[in-house]
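See the structures that follow.
Here subunit A shows up in two complexes: once beside subunit B, once beside subunit C.
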Partner chain A sequence: MHITRTGTVTALGAVTALVLVGCSGGNSANNSSGDSTSLTVNTSFTIETADPGNSYDPTGNTVAKALYETLVDFEGSDVSTPVPGLASWTQNDDATEFTFTIADGRTFSDGSPVEASDVVFSLERIQAMTEAKPAFLLEGLSFAEVDDSTVTVSSETPKLALPALLASPALGILNADVVAEHGGSTDGEDTAQEWLDANSAGSGPYTLDSIDLTSQITLAENPEYTGEHAPGYSRIVLRNVSESATQLINLKGGDADVALDLNGDQASGLGDGFTVDSVPSGQTIFLLVNQDDEVGGVAASPEFASAVRTAIDGDGLLELAGTGSVQATGVIPPGYSGALSDPVGQDLDATAAALTEAGYDGETIRLSFPNDYPVGGVEFTPLAERIQDQLKSAGINVELAPAPFASELDAYVNGTEQMGLWFWAPDYADSTNFLPFAPGLKVGLRAGWTAEDNPAIADVAAEAYAASSTEDRDAALSDFAAQMQESGPFIPLIVPASNIATADSVTGAAYNSVWTIDLAELAPAE
Partner chain B sequence: MTSSILTPARARRRRIGAQWRAPLGIVGAVVALAWILVACTAPLWVPYDPVAQGLPRLQPPGPEAILGTDSVGRDVFSRLMAGAGVTIPLALLLVGCSVVLGTLVGAIAGYAGRWVDETLMRITDLVMAFPTVILAMVIAASLGPSLFNAVIAAIVVSWPQYARVSRSIVLSLRGQNYVIASRLLGYSPARSLWTDILPNVAGPILVLASLDIGTAILLLSGLSFLGLGAQPPTAEWGSMISGAMENFDAWWIGVFPGLAILTVVMAFNFIGDTLRDAFDPLARAQSIAANTGETA
Partner chain C sequence: MQKTAATRSPASPLAGFLLRRLGTSVLLLIGVTLVTFLLTNLVPGDPVTAALGEGPASDPATREAFIQAHGLDKPAPVQYVMYLGALLTGDLGRSLTTGQPVVADLAKAIPATIELAVAAIVLSLAVSLVLGTLAAYRRGMVTDQVLRVLTLIGLSVPTFWLALVAFYVFFLQLGVVPGSGRISPSITPPPTVTGLYTVDYLLNGDSVGFLDALAHLTLPVLVLSLFTIGLLTRFVRTSVLEVLDTDYVRAARAKGLGGWRVVSAYVLRGASLPILTVVGVAFGALLSGTVLVESVFSWPGLGSYSYNAARNLDLPGIMGVGLVVGVIYLVINLVVDLFYAILDPRVRLS
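Let's look at the complex of A and B:
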């Protein structure tokens, strides 16, 4: 008995010691306060590879943005106006041919100059890799080298969105010679990803120092960088911290200088010594009401959708989303062309009328949503509970059906949810990214909404896709957004804020909806 | 069975334990009864509707909401009281079903012997071979998340311990003269099992069941915490704690349901301990054997 007890005590002691070592290791391993040229960023990793050509995830974009440069850039948070990046451009009247001229004196991290052949190689490499996630961006485009510093991009159809699209970090320009040496090719047989997961070959302000896709990515200053945003730190460490509460603790305790995933309540409670940049993200959280009779049942009508739309009290939902979030005014979020200026607003008389028209008589409607995937710090479970409460007081009975993101996604994508609470993020910074909400298109079909259900909106969407002048396109987009709010099956709710919290020792943090944060814009405060 | 040898140190510890167990049992009974009373009557006197969202959100404990409000503005106190009415009856139901199922399986296995015994006990071993919580999670997840399915899952994982205990007792009684005598008088095996043997199984099973109520509450709350049990907006302790994870700074959302679970589980365990002592020495040895066999 005594032996057993001694054994237990020893084991307990050992465990305690291990835990203590574990804790202190976690806290002290990365204490950056003593070294002013090192920066620690906490974020929840969504990254599969450091090869920009195979990556299309938020963290992947942040890393690619720091390592590689794109032909076109955005300034700070403003994604409505593309500005020259590696190159400046001109376009023809039909918006089918764009000529890019690479700026003088730009060099890769090995000192060699950025040339037109690098641009053509990088883009054609992605085009050839049909399995690569960003390949869809380049569909229908062709590239030609005119001289060492000039490239033309031609499109089969008018493509006003081309400059914005080319700003995607996934389309970063690689050093063709170096990448080709390590298996890179434009014939679809590319094997360079493995090498690019350990090394970088770009002209960006930082180079890849070390990478572990599940825990930590370290970037080092690129001494050969000749561009505008000179690196502010000699080292940047990105750490994978999945819980926002842990990010908050790390930031407050000085173990992190920047936290990217705090929710509104956490960000607003930070207090002195920290700066928070809260900007509405490009994401929209919305409700969908399935229009397919077999799935939607009594809810499958535009009238029921509009009853839900007028029953929602936007302020009551916004309260849950925290600082910086705004109400969605339509399927196109504020800041993008075509966005409407005002939300629909609560009107319970209209709800009652629409419900009578829809033939609804107190049936229970099932609302499905992912319960483990906060978007911009907004948890879906409290949001759904609040929606249920609001709809109940408007006479609509809703039953909640939460499920993990991974298991519910199929039901959403296949359009088998009676009612769903989901979100949409643009693939790149252009309003045409919201046209898939149209009947018969990707998101429309997820609500069982076919082109025959509403030919008028389908036509407006097609018009916006095909427009060759900015005026025509903007007009079509506004029309689209307005008609969607009138008779669509979607109820856009919230555009959550993206909160970037930094210690006061760091300046220059700005949220960008394409790459979350441009690490090159960060610098130590004077 | 070295564990049943009464060394002096062991006897001393038991004596000290015995002094304290009775008062602890009374405390446990009072607390458990209080919670059961709350479970039955909470809807009549809680200050707010447990699912109504009328209050300002994330209010710390204060005069308006004595235990504060949660992230959508519901009264934590009302939800806590209403939660007793969800968890405690279901835990009792769960233990009841496990007792009936497990005792029946064990008694049949022990009485019939031979291949019936082998088959039933191997099934029992099979279930016990899996980690309890993990198996319950798998079952609950495959049935679809709901409180009813969580109870089903919990029953599936918790009956085997009763089967083992009842089998071993039935096995030892089967050969007793009074049982053989009744068979010789011409009574059917079922009657012999029902009237001669099962009454003797009741005591140890009761002790085991009372100790198991705490575990059952933990299991149900755990499944709800993981999103496999109670669905929002139901006020359930486990799901209240899971909701608190999003708002770490608002400690009152998670701490009070946690305390509720703690007090209920401890109360039922005190009752179980005291009952075990009351059934000393035979039942005590039996339940020790059962507990060491369980190791869940």
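Let's look at the complex of A and C:
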């Protein structure tokens, strides 16, 4: 039989058509955009696992917050006041023992009640997993079940920050029985992560429907949810969109309802039909001036750091940061206890005097910074160039030393940069997270700044850590922030904005510095 | 005709050729792992802090556990030997960035990129064969000049910029293509068989999913193809021009064969060898160099994975990508050589 070429092509076309026609048809999922039961969120994924006990990444926190509840919560963007989550609490006078009482009627997604044993299991499980990223949060804490609905948390030292710490989504409460059935344990031999990467076992408003850590995570409404924030959608799809420009186009084109990573310019240019929540994030971009003589050289003095501080024109830098960003007023950002109200202004006379006192004579100072890691949409290279210009005008010569984040991080952490441009984000929502800037502590040492260099600030930081009353602690934190601005080696510059953009069909979006966005607070507009 | 004792089986040279290729390929791949390992270790940086983040990395217990779990406490040569040992069992280690086995990461990323690259190379080849042949036949005429300018544009336009502009125009302004990603948010991914969404939807009998995946493939493929079309069109034109001057093509024309018959049976067949070489190289480049297009279109492929691995000093991830890219080029070269032998009987595999 002779088959012509035309005949072959026709046959192929017919087969393809038959295959398509013969397909059983529709994909069963709901339509997203314009469908009030489904919501699509675009964000650049930073997530390794859906197991909260092993997760410590921004996207991981957003997902864990939707799937699991914590003992303590925050309302909207306000991270200054912890509020009851799964439980309310009391504390002893020393702030070393906290008693949590689980609210009545709270249930997991399988309908079983949330009990004290679940709380103890969840937290002890993390403590036992030494490789788990959130394990460091629970250092020095112990947990005890008093009765079915009561748990005590004890600390070796006063821990006023405990309620805020327990609001971390990584410390979400798991259904102990279910997780134990799938390898969960508190003896350090836990193997439940694999199961928790495909299933959820929490009491949050949503459950895990499907997950691909590189492209898409789908959450489904938890019908057994009994908490305060009932889910607004039957289905939420988080999609990994790494480019903010793509997020913008997706949002405008209706392929996404929410975009989490737009920079200030993109957010401000959205126009009608969209709502943007632009608020300062919890991150602070700062300069450090190394105080170690061997590293800092001529720059290694509080006077030189002071000269840099008064040489900076904060408004000029803020132009690079976009809508919603604010000038940093100190190492503690706005919204946190102890934050100062005003930034240090530019004063070139003071700069000149400080430079003379520091013995500076025009030497070139090397400014190192990561050039591939924008923070809150702020690119470090133009920021460093602007700083270089401003310092040049004040008589300080700076050469720029950009490098990839991963390779420069080592120099920063080990305190070998003469001058550095970096950022700091709190591990959890409490002002004690900014005390590591003190002399002799983690960030202070990165600037070669030991406790002997400034015992007064070291003491006030220790006082803030050890305080057992909120009043004493707030006073110490304010004192700490003020003294750091007076004589510290850090020059806080910008608190970049976080911009959450939503289509007008969505309400309830609010940035939170701990979990970025609480998906349970999102709902269709009336 | 009976086979004589001196007549060798046609399978023998091919088997010998493949065996020799396999041997050299293994050596080359070991070389790839060694170079990648050395270069990654030479880069200053602390992969532990980069992977864990500042808070967890500052906890000595967490840090120590991470170092032990990934064997980072051992001297570099020991780490390398351990890596090779695990490699023999198909274990590429666990990614420091994603926390998942590198094999599992790559099993997801590679099909996504293959789907893009195969579609792009097929489209590019089809278009450039037509345009290149047309340009050669119309040498020096307006058509040739116009095509020269168009191919120059294709070669010159930055891919990242083109991807963004094309996405803006065709999705946002004209609405003729869907948004980013491999499928729409409302569509459920297919059960994994090949990892190629279009194929897996077909195998699953899901026409809605298939058409959605096909629609999502369209724009990234067009953007990726523009450069390759520009490159291949020029090579096709040059190769066809050389063949057009040969005696056998003139003889075919003199015999009165039709234009299409001459082009398909004589001209393109004669010009195919140099074109095939360039197609192989272009296909390799498409498979290993789609990072910018993947980034704009949120395509979770090999390019995105390799970028994230490099950015985080993720040694197992980088090594895995290096191996895959090495295998890609070795396989493509092998296939090109085999095609040479098929297309030109004068070429001996031995």
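Here is the rule we go by: the second predicted complex is superposed on the first by the 494 of 526 C-alpha atoms of A that agree within 3 Å, B and C clash if a C-alpha of one lies under 4 Å from a C-alpha of the other, contacts with A are read in each partner's own complex, and residues count from 1 in each chain.
Going forward, a residue touches a chain if its C-beta (ideal position, glycine included) is under 8 Å from a C-beta of that chain, and two chains touch if they have at least 3 such contacts.
If you're wondering where the values come from, they're calculated on a predicted model, not measured in any experiment.
Of the two partner chains placed around the shared chain by superposition, subunit C is the only one that A:R239 touches, whereas subunit B remains out of contact.
In the superposition on chain A, contact is made by A:N263 with subunit B only, not with subunit C. If you count the residues of subunit A touched by subunit B and by subunit C, you find the higher number for C. Contact with subunit B, but none with subunit C, is seen for A:E379 once the two complexes are overlaid on the shared chain. By the touch criterion stated above, A:P223 is placed in contact with neither subunit B nor subunit C.
With both structures placed on the common chain, the touch criterion links A:N371 to subunit B but leaves subunit C unconnected. Once chain A of one complex is fitted onto chain A of the other, the partner contacts of A:P404 extend to both subunit B and subunit C. Once chain A of one complex is fitted onto chain A of the other, the partner contacts of A:T49 are limited to subunit C, with no touch recorded for subunit B. When the two complexes are laid over each other on chain A, subunit A has residues 245, 372, 404 in contact with both subunit B and subunit C.
Considering their complex, residues 1, 245, 248, 263, 265-266, 269, 319-320, 371-372, 374, 379, 381-382, 384-386, 388-389, 400-404 of subunit A touch subunit B.
Note for the complex: subunit C touches subunit A at residues 43-47, 49-50, 52-56, 58-59, 61-62, 64-66, 69, 97-100, 105, 108-109, 164, 167-168, 171-172, 175, 178-182, 184-189, 202, 205-212, 295-298, 300, 304-305, 311-313. Interface residues of subunit B, counted against subunit A in their complex, comprise 7, 9-10, 51-53, 57-58, 71-72, 145, 227, 231-233, 243, 245-249.
Residues of subunit A that touch subunit C in their complex: 19-33, 35, 38, 40, 48-49, 54, 56-57, 130-137, 139, 210, 212-216, 237, 239-243, 245-246, 249-250, 252-256, 372, 404-411, 413, 427, 442.
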